[in-house]
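Dropping a structure here in structure tokens format, bear with me for questions.
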Amino acid sequence: MTARRGEDERLPVKRTAKLYVGGAFPRSESGRSYEVFAHDGRSLGWAALASRKDLRDAVVAARAAQPKWAGLTAYNRGQILYRVAELMEGRREQFVAELADAGAADPARGVDAAIDRWVWYAGWCDKIPQALGGTNPVAGPYFNFTIPEPTGVVGIVAPPDQALLGLVSRLAPAIVSGNTAVAIASETAPLPAVTLGEVLATSDVPGGVVNLLTGRVRELVPWVAGHMDVNGIDVTGVPDDLRAEVEELAAENVKRLHRAPEVDPFSEDAQSPYEITALMEFKTVWHPIGA
Amino acid sequence: MSQPASIRPHSPTIVPREAARLVAHTVAVDAVGLEERAASLAKRSIKKDAKLWALDLAIRSMDLTTLEGADTAGKIVALCAKAVRPQPTDASIPSVAAVCLYPQLVPVAAGQLSGSGVHVASVAGGFPSGLGPLDARLREIAEVVELGADEVDIVLNRSLFLGGRYAQAFEELVAAREAAGAAHLKVILETGELGSYDRVRQASMLAMAAGADFVKTSTGKIGTNATLPVALCMLEAVRDFHRQTGIRIGVKVAGGVRTAKQAIQYLTLVHETLGDAWLTPDRFRIGASSLLNDVLMQIDKERTGRYQGPDYFTID
Amino acid sequence: MTDRTNDRAPEAIEHASSGPPAWGYAPAPESTEIVRLEERYGLFINGEFVEPKSGRRFETINPATEDTLAEVADAGPEDVAIAVEAARDAYERRWRERSGAERAKYLYRIARQLQERSREFAVLESMNGGKPIKESRDVDLPLAAAHFFYYAGWADKLGYAFPGRDPSPLGVAGQIIPWNFPLLMAAWKLAPALATGNTAVLKPAETTPLTALLLAQVIQEAELPPGVVNVVTGAGDTGAALVDAPVDKIAFTGSTEVGKIIRRATAGTGKRLTLELGGKAANIVFEDAPLDQAVEGVVNGIFFNQGHVCCAGSRLLVQEPVFEPLIEKLKARLQTLRVGDPLDKNTDVGAINSRVQLEKIEELVASGVEEGAEIYQPECVLPERGFWFRPTLFTGVSQSHRIAREEIFGPVLSILTFRTPAEAVEKANNTPYGLSAGIWTEKGSRILWMAERMRAGVVWANTFNRFDPASPFGGYKESGFGREGGLQGLEPYLRLDGANGSGS
């Protein structure tokens, strides 16, 4: 696994890769874990293998955190998300190494893009309603306006490739509006997601806003798709042969379904305010005008 | 509102039908503005001698409270000792205003506090819900006064009030006023259940008009206790009532006041809203249990310049 | 008068230590140690602090003590020309081609640094301008940082602000700001200009240059390319030189009188212009208003920043049924205002910004007395040195009085009455100004009905003097044109003539 160390060399302390649920780092309640390998076959250690009960707990945590997260001012949420980018810069080397292990062609670029993506979406917090909501000139003595609001708790199935950028590109637009999320990380390269969880835990993002599960996508996806307390689901990382099943399961509580457009993940087209509104509701208010 | 000049001291100022109208016509409260004002007053900085004076007043205005099902005579004896001499080694520390407890323990406290100047305050009238039979509630009020309570803390009937039966809620308070006789009557609004500041203000007006000596925020028995904006809302109602009738009503904040800093924030609200005439135990009280030692610690901090530790203060 | 509490108390509660009430706020001055003042400040041009070619300097003082704080360079036409040239060069060579994402990151850095050093800025702002530390600490600084933060977020999203257009920067912006919110106005000007890809030459007000110069240091530390922001200090002549310089845009906040001069000076030059000028706002209280909060709003509306606020609620219109209780509450509230040392954390009303301004206020107040309005001022002891004015109410004011028509820009409130909503509208709009208005009523439909009819750029309902970077600000009529803040605040710094529908 690693080269034999000299006698004077210090023995490093290894990380245990755990789930990130409700601001804490539990192991899977199932007690299971799975070995993670680098692209060249080296073992990178073990990650927690989340069960449906872990998913259930994650949804409970996300639901509990949602009203407060959405209740923060947009400005405050924006600053908190910007700080995620600040903290990711501090872990840059670790992310680069993990992406290199995962076989990324240009790991540094992947990390840069992921950090910049947080910054880009952070800036949207207090602009979405201005850019995409508005007042409606109805024919009558009414003040009528439309505001976008978060849909609630969303499930995210991160794309299996682009272990960091792919996850961030799904997660950031989901939570900037005030949703909370339960995300299932890339199955084959879960470690950048675990590190991201550690970044989030030390950021000002409240516990429960982001919950990260590692494990078998096929095992977890039907449970999140069928969960009656999940309002929306980003199915970008759902394997093709599971799509129909997921959409059927999602029908039971009429989940909002969203899949990212198939574009170069590094390009500017991979980020858009419509990625945010895909998991939002539009609310229209009527109010009479009269002395 | 009817004229105050000729009323007897113990009478409500209006009749029930008017009370209902009074509630309907109470001036509105804007929640955002109220909370901003409370928050800005909470930032006032009080230092040195002024702080020591405020801390002293916080003790003098304190209703040292225990309202547990597990309260015993032994617990009350200990609490009364603490109430009379909060800091046994320091004679400059004043006694608290009153000890607040359940009816059954009133005789114990009355015996302990006799001649000390510290009052006996009893909850009564079906505390904390106020939903028992009316005659039983009234009897309880009369009984605690007979047993030696100087002050009675009763609850507003929120069931009637929130149900819009203002006249009936008012009549109950008037009856309670009569049952309390010469004792000091505090009416607990249980503001955490009222849902809005408008309601807090309306309930304050109703209780004052019915003859309350004090309006009090909370029972301490539900999740939401006294808050600065709620207290400010009640102080503003008291200010208007005074302006309209010439009668000065007291305010008691209760529940959740644990630190000297909080106590000073409440005193600041009183000072800024009602003026120094209300900075007296006759018109302002804080109902609390753990607050006392924090105030004592802060007083020692001010005097010695050292931050204090809890091991140096008696628990009761 | 009966006192139920005393009548009924079985025995008066007295303890050994209880004496007469001795409530008070001991002085709680904010330490000035955090501010490191230099003896003399240069001009900030091309990323460096340089000596003025003019060779002239002037002293800047603390209006609360009249002590000199520092010497500041007085930029002459040559200095302004150099600054504009530096800005032009930076625009052509360094800034216009930067990606929006990169511009955003610079602005985020500035925002963060303002937050980091906010106490230092706040203390300096209060020292140089006379405003209470609680305002510079709780309003000016957080808002200034928020402004940079907000516009940082737009820098890389301009296409979404103007769908179907391809926004491009104008070039060099000359920005002239007033003394009432020195740092905040600098932020209002610089943040959108830089976010949209312009470079800037900023001229702070003569009496309050210090926080803009400290901001220049922050900009230096943020490694903003040299010349992107330049700060030239000076008085009216410096401003005039900037207006006449080869800039692409002038943004001015200040008096209507000077605004008109600038409009004339730029006539025919093709320079883009935004003006944020004076005001004489009506704060309208209906009989169903939440009165205690309305009192706070009225007080905040006119005594915030000593009334040195262009959108101050300087005319109070009260519906007749609540005139008496409102005035009574207002007078009582005035007694609790604490006037004095701006650096004391408990101070509500600080020093008047300058002797000139104090004299102007005194002159207008004298005219109010002379014209027959009834004056009310609370008792309060004013410091001997420095520039001070008591919070002042005028009742019995009519529309024709000077104090009802002219901007006083001080802590002076003129009170009028009205009977119907229509009359309130008529009186509120009966002014050449149109910056802001306040409406106090519990009735939502009336708020909207009134708001529809107010000829003012900002209408506050059941609140007053609220500001947010996301919320556009600016006036109707002689209060100026153009908006600052919000999505609308981008447009004055952009050319929108391209149309290619790009979404990013």
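As written, the chains take the letters A, B and C, and residue 1 is the first residue of each chain.
Basically, a contact is a pair of C-beta atoms (placed from the backbone, for glycine too) under 8 Å apart; a residue touches a chain by one contact, two chains touch by 3 or more.
What you see is a predicted model, and the numbers here were worked out from it, not measured in a lab.
Novice: Let me check something: if the centre of a chain is the mean of its CA atoms, which chain is farthest from chain B?
Specialist: Of all the other chains, the one whose centre lies farthest from chain B is A.
Novice: Going by C-alpha centres, which chain is most central here?
Specialist: Smallest offset from the overall C-alpha mean is found for C.
Novice: Approximately how many whole Å separate the CA-defined centres of chain A and chain B?
Specialist: 49
Novice: Give, as an integer number of Å, the spacing between the C-alpha centres of chain C and chain A.
Specialist: Distance between chain centres: 41 Å.
Novice: Give, as an integer number of Å, the spacing between the C-alpha centres of chain C and chain B.
Specialist: 42
Novice: Going by the contact rule set out above, which residues of chain B touch chain C in the complex?
Specialist: Interface residues on chain B, with respect to chain C: 4, 7, 9-10, 27-30, 32-34, 36-37, 40, 43-51, 53-54, 56, 60, 91-95, 97, 117, 119, 150, 182-185, 211, 213-214, 236, 243, 246-250, 267, 271-272, 276, 279-283.
Novice: Which bits of chain A are touching chain C when the two form their complex?
Specialist: 74-75, 78-79, 82, 116, 119-120, 122-127, 130-131, 143, 268-269, 271-273, 287-291
Novice: Which chain C residues qualify as touching chain B in the complex?
Specialist: It is residues 1-18, 21-28, 134, 138, 288-294, 296-297, 325, 328, 336, 345-346, 442, 462-463 of chain C that touch chain B.
Novice: Could you pull out which chain C residues touch chain A in their complex?
Specialist: Answer in residue numbers: 101, 104-105, 108, 146, 149-150, 152-154, 156-157, 160-161, 420-422, 444-446, 448-450, 452, 468-470, 486-487, 503-504.
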